[in-house]
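In this document, chain identifiers A, B, C and D correspond to the written order of the chains, with residue numbering beginning at 1 in each.
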């Protein structure tokens, strides 16, 4: 297990390094000048030049890359061009929204999607299964921003149960903060739950055909016992991979949903930074998002290994 | 159409009746204001973003003068001033017993610091032009300051009343980006990045005190989210509501009050005058004849906006009504194009920055110009891209921009400006205008300038951008117009 | 796809429903290239927000354009973006997957790591990067979605190909002196084609959703072009006054995605389930 | 009184009846066998007895179980062992826990851990096995665990559904003797299901022969074997008996293929920093095959015989050693096998279903080897293919059909034809008859012998079945753990085996 983990960590480190290089260099050719944007349409050329020097933009690309990279190792990502504040602090502030949002959506989609998938698989072909799968089919097909908007119309504008958006920092009022995230989390989670339910059902239906389920039943277990004791855990393996990938979708989803609910998340930081050509913030934020996805995939790999002794000992997962 | 609105309104009314006690009442001295764009930072002397001024101008920071609702210059930190006979030296008498929010006292040294900082070689002030004519700033005593300018200037007092010239203290100037410290009626409390800025009443303020205790400025960029936030009672108003299409809904809803005013934003179809075929005045005139202003105002802004025929604010006393110069006339436009050698029309690029007026207006204008054979390729760009393409590289054919600087006809005298309009006659007029202090003379010059640029059809003049505020009906004291970038909350109060 | 699979799939009720739906959308899209009830590039402001009528069956939008015509063009754009994204993913991903399965060793390891790497960039992040570099457009959205499709197809192709490479007819082909490339092309690709088609329908419906999401945040299709996502986005702010503006494209997206999902589900159910599993088909759902 | 009595059992799926009118009874302590080829309905019969038929199956008829009422039938009174040892155990659970689960259900009052240890010991496994996961065990070990699970509830009847079919000969023999011993010790009845008449007759007192869902014949094992009444039974018995050796008149010629010091090892997966672990698949193999000679290659599973045959055919590469073919060095340490050699050398595979691309017509597959002879014209090509077909007794008009149109035996003929298209000097036959139903094995072997007689082709005949090898080979090589441990004239080796593994392989045969 430790060997497995160390191999993976090495892989994660290499991936992150490559990602950092690609993100930095790609964005360096981005058209537009942060200094010019900050000073606006009537700015004089010498003011722009002064600001460029001030921001360190006149240094060569590679030099700036290595400054940034070494900063990364020390947790110091530099100072935002437009906001004149440490990037690390800016991002930590935004992660307070994005991370709980993505994680609670992941949690919600899991506790909604998996049981529905399991129950549907157990009642395959019956009314419950059919109606659950029709709902899931629709859930998969609804664009999440559209769904988010419907939620706002119902729960915020019409019934006023939850706020239509906005966010109060956790430190100020944790209950209010959590309340602000309820609708966004649901908007993100339900489509994903529909996907999970479908996959869980397919996977469990497959597993229920497996020989070891028959062995378990021959042993004397009832069908339900066999499904819960042997089937679900095995059926979860492919679902786990999907959940890892789903996190990538959730990250994408948070960026979209943040706009609907005007949440101060990482996605909006990226957009506002792009529109100010605050490249240092854009790079670091994108890298953090990518790192989050990689981290979750790493956790999924570890969980996979923890659940499945074949991988734990084999060291390699095929496929 | 109206039926649907009615239904929606009735439904919302019912809910409002049930829930009104939670929405307001208990916290009557607090105010939550929606704002579309979040500022990059909060130092108005170090950035062009209007979003900075919308929060801090007149609320947190004050200048020597201030601009009132009608665009007139009023005393602020300078209680009075005198101008020398040659028009070159301004003597300001400063307000006494003023302290900055951090407790430091305000005196002539702060004014000196402010102006020296803005004028300095390495200054990053976005409007360095305001300070360029200044040759000297001296403190006569602790509460008297002399400012000398190189040539007489008509709008100097107005200019130093703008957000870029607010007075900052040397102790706090560097940290104003995150914790602005000024002398205004509101104190900065905190800024939750990405979300909101909170300001509260400055108890030590010596002028006319603010009537609300605390104001929260919430950043909502999505027009639909803005609408939801208002309807859900989450914000009390928007000084600039981002969705003109929804105004009719709020107008029909008695819970809300829609304030329609004007901004200093002349919205124009800008044309690259140095580039063929636009260097031919006939082509530009053809374009002007093809434009149908009201359709653009209706289509893009849902009727909000005043048509203009030149680059000047219609509410300004110097405004010259030139709307009739180029009536919509497709045949004439085609004839002009044929004269210029383009009987079949031509293709051109149309770079559209993000605001609604531009993106929507662009589609409508493209349809209108297609009628005279000009095929436009619409290219959506964001502001940095637009600045790089337009201002720096002059790589565009058409664009739509709202020029929000007050009294900015002077840009036509700069051949390097992105229109690349180069007319020595106009340049002479503007030069003269800049050094003329006499109002009647100034008016004459300004009107002449307007006529010239309209005759030359430098740009397509579309409409004056409206300021459309949506507020809870119980609020009063909001500014209907935006004579300068800013959003003065001092007079806002619950009825 | 062989005719046998298709014939068997036709017995599947959800496949028939999906086929009917997707064929309908495809037809609308193709027709829109040659003909729409009204031109979509005119602006007729006085006539905006028209109700359903005999002239404008689905009414008119905020610029007075015919909604039905816009919907047809929007479907065509959405379909084009999604389909070309699938094409990008398949044309690059499938060969990569085939090469990985055929060559094994370091090349396979490299391709797999590359796959994981691309997976770490959700389409929206690629879209952000691409858009900041080249500006927003339907094409850039398509490229971003396409990039994300590459590892999906590579994975499916490799997984399915690996199981085929253990089969004896592949050995027989090797004995006949065929190179790995020839074997991949003649024996492996045709045998995984139906699996790839299933994956393509799934990616296609995901692509339509992704395009909608990207258009919503302004990274996708730009006016005056239109797509289902853009129509939905533009209609959002009219929702209170003119809910139909948003409901029509919203329903179109949902039906569109469901149609292609049902099509894919039906094909998948009809395919040999073992092959399906080998391909790890659900990877992308 | 019989323990289980099945009367007029019919099982159908929808319209399709797969089991028709089966009657059988199992008395206390009796060992009953059911034999039949795939699709004969034998497994469904067994599943109906333990009440585990798939939901879609419709069952008619009467099954009387004289077992205590009210209690759990499955596990407690009837235990069952299944065929596929790779998949019958939950891969995520330690095998001891899987045994314990059965104990918890049926014997809740005992000390589970010690009982698990006893059961593990009863199936002849070391005590530590209980802590292992299924993937760490060999097929035989897993099948023993399956047996331990079935025994945990102390059932009166054990149903074993093809428990040994996926195992190699030696393991099969061990499992069969283990089942016999346990049945004796526990006085437990057994229902043993197999396609292998040898295995059934080794265990059971009474056998039922099934064909296509119908019961063909039943009776005392010895009686049925001695005097079968039905043709089908006769054919089964004939096929299960060692094939008669065909005499050959062909002279064995000069050395055709010479291997010297062939070695190959595979890297085992592990963390990249750890010392690399290797599996030595082939260790210094040297051998010779002469012209027109048939050399048998036998050994237990995992001994390396498949790797060796693939290296000879040019499908894999050796890491060390030299290969000379027809006087030419074709060692492939560098580059591919030369085309010239490839034309002279071909291979026939085990699985007649996997050896043809299902999407291509037979014509496509049969012309494919001619890729190696680009100099041939269209007519010559057709002649070659048609001649090859003729030799294996197939007609050219079959060429336009797809593989699924043919039976296993026909496909294997096509496979042989494909190997003959190039007119090779050596054909590697990798278990060419193992996947075929017993009734058609004889035909294929006959064909191979005939071809050799006529054209002087040399064979490397790889098989786990010693009787088949004895029937066809001149010389035999016995492999164990990557080495050739014994070789010589086939009769000499099999009559007087020297190596331990040869003796064990010979003893494991289950002939009638």
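A few comments on the model shown:
Please note the rule applied: a residue touches a chain if its C-beta (ideal position, glycine included) is under 8 Å from a C-beta of that chain, and two chains touch if they have at least 3 such contacts.
Because the structure is a prediction, the values reported are computed rather than measured.
Distance from chain D peaks, on a Cα-centroid basis, for B. For the pair chain A and chain D, the distance between C-alpha centroids works out to 49 Å. A straight line joining the Cα centres of chain B and chain D is 86 Å long.
Chain C and chain D have Cα centroids lying 45 Å from one another.
Each chain gets one centre point, the mean of its Cα atoms, and the points for chain A and chain B are 39 Å apart. Multi-chain contact residues, meaning those touching two or more other chains, occur in chain A at positions 31, 149, 153, 259, 274.
The multi-chain contact residues of chain D, meaning those touching 2 or more other chains, do not exist; every residue touches at most one other chain.
Touching two or more other chains at once are residues 236, 239 of chain C. Every pair of chains meeting the contact definition is listed here: A-B, A-C, A-D, B-C, C-D.
Those residues of chain D whose C-beta lies close enough to touch chain A in the complex are 50, 52, 72, 74-76, 79-80, 82, 84, 87-93, 101-102, 105-106, 133, 135-136, 146, 149-150, 152-153, 269-274.
Of all residues in chain B, only 1, 4-5, 8, 223-224, 227, 231, 243, 245-246, 248-249, 295, 298-299, 354, 359-360, 362-364, 366-368, 370, 378-381, 385 touch chain C in the complex they form. Here chain C touches chain A in the complex through residues 113, 116-117, 119-125, 128-129, 132-133, 155, 158-159, 162, 205, 209, 212-213, 216-217, 229, 232, 236, 239, 246, 250, 253-258, 261-262, 273, 277, 280, 282-285, going by the rule given at the top.
Put simply, chain A touches chain D in their complex at residues 3-4, 6-7, 10, 210-212, 214-221, 229-230, 233-234, 307-310, 313-316. Taken together, the chain A residues at the contact with chain B in this complex read 31-34, 36-44, 46-47, 50-51, 54, 82-85, 90, 93-94, 97, 149, 152-153, 156-160, 163-169, 259-265, 268-269, 272, 274-278.
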